[in-house]
Amino acid sequence: MSEIKNEANFKRELEALDDLQQRHVAALFVKHVLPLSTDKRLERVLKTATDEDATEEELAAALKLAHAVTFDSHARCGAEGHWSDQAGYFVARAAVAAVTPPSHSRAGGPAWQAAMSSRMAYTSMLIDDVSDQHSAHTECEWQHQCLSEYLNA
Amino acid sequence: MSASIEKGINALKRQVDSTVAAFFSSCVHCGLCAEACLFYTETGDPKRTPINKTEPLRRIWKSEYTLMGRVGKMLGLTKKVDDRLLEEWQELVYDSCTLCGRCSMVCPVGNDIALMIRKTREGMAAAGQAPEGLIGATNRAVTIGSPMGVKWPALRAQIKHVEEDTGLKVPVDVEDVEYMLLLSSMEIMNFPEFIEAVAKIFDKAGVTWTISSEAFEATNSGIQIGVSDIAAELVQRIVDVADKLRVKTVISPECGHAYMAIRWDGPNLVGKPFNFKVRHILEVMDDLRKEDRLKIGSKETQKLTYHDPCQISRRGGVIDEPRRLIDMIADDFVEMPDGGKMNWCCGAGGGVSANERADEIRLKVFERKKAQLDEVKPDAIISACSNCRIHLEDGLEEYNMDIPLLSLTETIAEHLAED
Amino acid sequence: MTEIELLSWARGPGLQIATIIFVAGVVIRVFEILMLGRKANLAEAKGQEMSSGLRTMITRTVPDRTTFKRSSVTIVLGYIFHIGLFVVCFFSAPHILFLKDIIGFGWPALPTPMIDAFAVVTIIALLATLVNRLTNKVMRYLTNFEDLLTWFLTFLPVVTGYIAFHRIGLTAPSLLAMHILSVELLLIVFPFTKLMHAFTLFIARWYNGAISGYRGVAS
């Protein structure tokens, strides 16, 4: 298998994965940005996401938990928004994507959605970073690399 | 913003016009407005009756603008408006009202009660009786430019992300284009995929557009807290930039009160008609649909219903447009009971969700929306306001209901035809 | 004062005083409202103000289904006594004669048994309305002295009219005097109370329709 070279390629390969593979790859993306969240519950969600033998009930419970984390971490309308906290919100959204059954997933599939939300988590973290030297592209590149390695394994 | 009861009373006086006078003269205490208000129907507390929320304004109207009332005042028979009254009314005017306007549709004598409550807020705010959360949001809106403290670098970072994702350019500060898009802080922080969706739709439709780095905030905290001067200042920022860039139309995003603020209140706040049009993103997409510039390639298969954001639908006039758009992308659409202009409020608008003290009641009144959803049992809910969306998700989670919330704009973008 | 003198006074000076206060009061109240004016709307209109206002003046008479289901008692009772009052006021023979004297022409009256039926139904409806006002949670909270006073002043003419017509109790002239005086009392107090809604509701409904119609919403 060749390297993932661009976004279109990346998205296509992700969509071609089967349900279990999507969940695994999504979990990899989430794991990478997990340090950006302070909510320990996401670790439990991630555990279920990476578990090959996870039952439907376990996944449903993990989804509920991930949702709960998004509600507790989103910026309230009118409240002062903290981008470092928002990073945690997007990590939670990535976790939601990872344990969402593909039939219910938004466009692109769970792995793609997890990839997008993870990138946004990284972007959020960067917003408070005044140096403006990094770009979300770093995370993007890492994800391409990650998928390449997964496909070649 | 120094506050005092005198300022409050003067603010209330300025709010009395012929509409207010006609409304108060006509109220017969029939109580029908209570049954239209989810803050009453879900709590059963009669003090939350909409017309009751206007009591401070009513006292001013009576004692200052009626012959009888003025005579009564001279004789010392008037009911006063004092700090104690306003303090007691704070919870009714801010925590228990989203200005949704259902009461205004139902009053048999024709009172626009939501308008009266909005006017009452002017007095409350001037007297320093607005909830802390709203005061903070308003201060941030005035000093930083966004009630949530979102600055241009943050938006620019989100834009960069969008450009990388889509491969499309998001035009910034471009002059002489058709549209200038505003964004709400909620969207920028919680739903940045909205920007992506708009970029895709506009790219496919061949629309010229831009975002302004100087005035991108759509949310108007001045409207929510009830301080017209601040609301005017926030609108003026948009007007200045729209004039500078010579845009033809300013687009209000998926945020309810933002639309009301810029579309209907805006010119009246700043005292001049606009040189540009104002349209909601739904109206823009509907126009594109009419011109056959919106090509759809796929459809939603799940059973969908639509939650009408009050300020866009009933108070804003954008009722049919979303339905025509949904018709393009859905085969299985079902209206909620009371759907359309009489739809029930989500319970979070008008400053309620920015007010932590109102958390409990906000979740309680969600039961009204729950009742609607229990009847329809949709697979997913579509809406066009980020605040409604987040609050509905919150409520659904609280009541263990698993129904995803979709943004109409994002859903359209997802189903665009590939060339 | 004999009862004839009382009746003469009620029909003469009493009526004149009451009518003057009523007309002057209504005019002042309406003027008070309209002279405040309202600012012109500078936003770009999506719909029509005037036609929407006129439409709402009429359509607001009919409640939407959900509202009706939730407040059926209040709404139905309200309709009954309003229609009852209207029919009894304007379609009973003695009233038509009375009005003919003033405006110069009359119109066919409804048969007495029918008027009687309407009067009785109106009385019952008014009593039920009072009970509703005192037992319905929301109405009880909103109700003040003025609500009770206006109820009483509306109730009195219907009851005294019925009694006078059927000559129950006192002699005919006394009963009639009481009825006319009760109407005069109502006329005098009318402009100072929410009974003004009979006139101002058209203004309020127009404004409501105009405001909504401007935004393209049919209210």
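In this document, chain identifiers A, B and C correspond to the written order of the chains, with residue numbering beginning at 1 in each.
As a working rule, contacts are C-beta pairs under 8 Å (C-beta built on N, C-alpha and C of every residue); 3 or more make two chains touch, one makes a residue touch a chain.
These numbers come from a predicted model, not from an experiment.
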Between A-B and B-C, which chain pair shares more contacting C-beta pairs? B-C
Most centrally placed chain, judged by C-alpha centres: B
Express in whole angstrom the distance between the two chain centres, defined as the mean CA positions of chain A and chain C. 66
Indicate the whole-number Å distance between the mean C-alpha point of chain A and the mean C-alpha point of chain B. 31
Distance from the CA centroid of chain B to that of chain C, rounded to the nearest Å? 38
Residues of chain B whose C-beta touches two or more other chains: none
Using the touch definition from the top, list the residues of chain C that touch chain B in their complex. 28-29, 32-39, 41-44, 46-47, 56-57, 60-61, 63-64, 66-67, 70-71, 74-75, 78, 133, 136-144, 147, 192, 194, 196-197, 200-201, 203-209, 211-212, 214-219
Once bound in the complex, which stretches of chain A touch chain B? 7, 64, 67-68, 70-71, 74-81, 83, 86, 89, 104, 106-107, 116, 119-120, 123, 126-127, 132, 135-137, 140
Please give the residue numbers of chain B that touch chain A in the complex, ascending. 133-134, 136-137, 140, 147-150, 153-154, 157-158, 160-161, 164-165, 167, 185-186, 189-190, 192-193, 219, 221, 224, 348, 351, 353-356, 386-387, 390, 393-394, 397, 404, 414
Residue numbers on chain B that touch chain C, as the complex places them: 16-23, 25-32, 34-36, 40-41, 44, 46-47, 49, 51-52, 65-68, 104-112, 115, 263-268, 271-274, 277-278, 314-317, 319, 337-338, 341-342
